[in-house]
Amino acid sequence: MDDTFTFPVNVRYLEVDAQGVVFNMWYLAYFDDAMTAYLAHRGLPYDEMTAAGHDVMLVHTELDWHGGVAWNDPIVVAVSLARLGSTSFTLDFQVRRAGEVVVDGRTVYVVIGTDGSGKRPIPDLLRDALGPERPLRPL
Amino acid sequence: MDDTFTFPVNVRYLEVDAQGVVFNMWYLAYFDDAMTAYLAHRGLPYDEMTAAGHDVMLVHTELDWHGGVAWNDPIVVAVSLARLGSTSFTLDFQVRRAGEVVVDGRTVYVVIGTDGSGKRPIPDLLRDALGPERPLRPL
Amino acid sequence: MDDTFTFPVNVRYLEVDAQGVVFNMWYLAYFDDAMTAYLAHRGLPYDEMTAAGHDVMLVHTELDWHGGVAWNDPIVVAVSLARLGSTSFTLDFQVRRAGEVVVDGRTVYVVIGTDGSGKRPIPDLLRDALGPERPLRPL
Amino acid sequence: MDDTFTFPVNVRYLEVDAQGVVFNMWYLAYFDDAMTAYLAHRGLPYDEMTAAGHDVMLVHTELDWHGGVAWNDPIVVAVSLARLGSTSFTLDFQVRRAGEVVVDGRTVYVVIGTDGSGKRPIPDLLRDALGPERPLRPL
């Protein structure tokens, strides 16, 4: 059974461009929402993380489109930890429509201090929330 | 001669929706850019204003559409001071294409302190930059 | 009892600007979503309307801000028919947070043909869906 | 001498998030604009391409952030052809600020018919416009 966390996305009319499909940048908006929901689902609401002095920052992201999403398509974004390093972690995202993978995403984050002190090792509260490594496609 | 300040807008492909015209909310993005350019043009770069401890906040805005804007349309946003009060001011905006007014906008701003102290009278440096009252349509 | 239709909004992190509140244009994104949800709730899914050859277009909108919305604020958008004319209709919107009205919105729409034939009287299927006039604030 | 094509970007206030830097998705908006400007600069305005029955679609994109961009930063996006295949091509993008590379991007496009006929070999008019392969970083 697939128990990967999924986040339902509300595709807005304005996100669909003249080609009739969601414009590419909006997937990064979906992934950002899904990342936050994933952490909250695993016990770490985002503002609890920042209240503890930690924030995350993207250093790399990649997307592969296998198809397009139209306005009324019911889609979800699946989120899973792909890799947990000492100072960075990688999340896998999949935009799914009726079980089909429409877009694959992968993002590498680093942890920074909210006090401007820069990069730091992944703190325990975040490490615990991220869970076990279960990439959605080969690394 | 019409010497109203105008700001050229770069309409992005992503801003055009499935109806083939710019989605309504983007006009507020254009107006925000045009407001900043207007103040800078009149001697008050935005960061100079905030460095002096002042910021502005919208309390009211209204838009009237007379037509739509397509992706490659060369448009400008005209900006003019419509009304200068003691604690608020009103800017008029017009999206113009080849001399035709496509969209009318009007926005009321109040001045706030960047220190969280709330509303305050319009400071002199902003009053000077806003210039004379010259509404683009009747008040 | 207030049985006004409400639509829950998912405020995205990216919609909050450097002032720490939702940037003004995103409210029009919320209203657009809420309008669609309102029609669907009242029996007229948007694609059923367009399949019947009708679409709607904004001719006027206005917003009044009474406060700001932060990232984690649980907000809803209330939607109600304010006025039903022969060729246009007006919807009222209210962004509500814990019962407080944070932003008021009012939008006038006209009906157009999807075939490019321009404006037309409000068709019965839309008139039925719009329901009785119940403005959220004085006209 | 570096004669790579560059496109000046107007960073909007709304694109800066609560962290004080441009939110990640907007770079894809910049790249889309820069791609269009690149083609036009090399003799192929986008609507000439679509009028000839061709359009392009993203199949892959990746971004690497080396830093963040603030509201008033004067940035340009450099664009160069990285690879020209028979049915796809790859563009390299670099967000540059005062000569420093702040973000690297790379996007793979395929060509599709505007008539819904799907993928097709890269047509000559596009091949000519894309120019010689000059990747901005190793492939």
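Letters A, B, C and D mark the chains in the order given here, with residues in each chain numbered from 1 onward.
To be clear about the criterion, contacts are C-beta pairs under 8 Å (C-beta built on N, C-alpha and C of every residue); 3 or more make two chains touch, one makes a residue touch a chain.
Since we're looking at a predicted model, the values are computed, not measured.
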| item | value |
| --- | --- |
| Chain pair showing more contacts of the two, B-D and A-D | A-D |
| Most distant chain from chain A by Cα centroid | B |
| Centre-to-centre distance between chain D and chain A (centres being mean Cα positions), rounded to whole Å | 24 |
| Rounded Å distance between chain C and chain D, as computed from the means of their C-alpha atoms | 35 |
| Centre-of-Cα separation between chain D and chain B, whole angstrom | 30 |
| For chain A, residues that touch 2 or more chains besides their own | 13-14, 23, 25, 29, 32 |
| Chain D-facing residues of chain C, complex | 13-14, 16-18, 20, 23, 25, 71 |
| Of chain B, residues touching chain D in the complex | 10, 12-14, 29, 32-33, 36, 46-47, 72 |
| Residue ranges of chain B in contact with chain C within the complex | 19, 23-29, 32, 55, 57-65 |
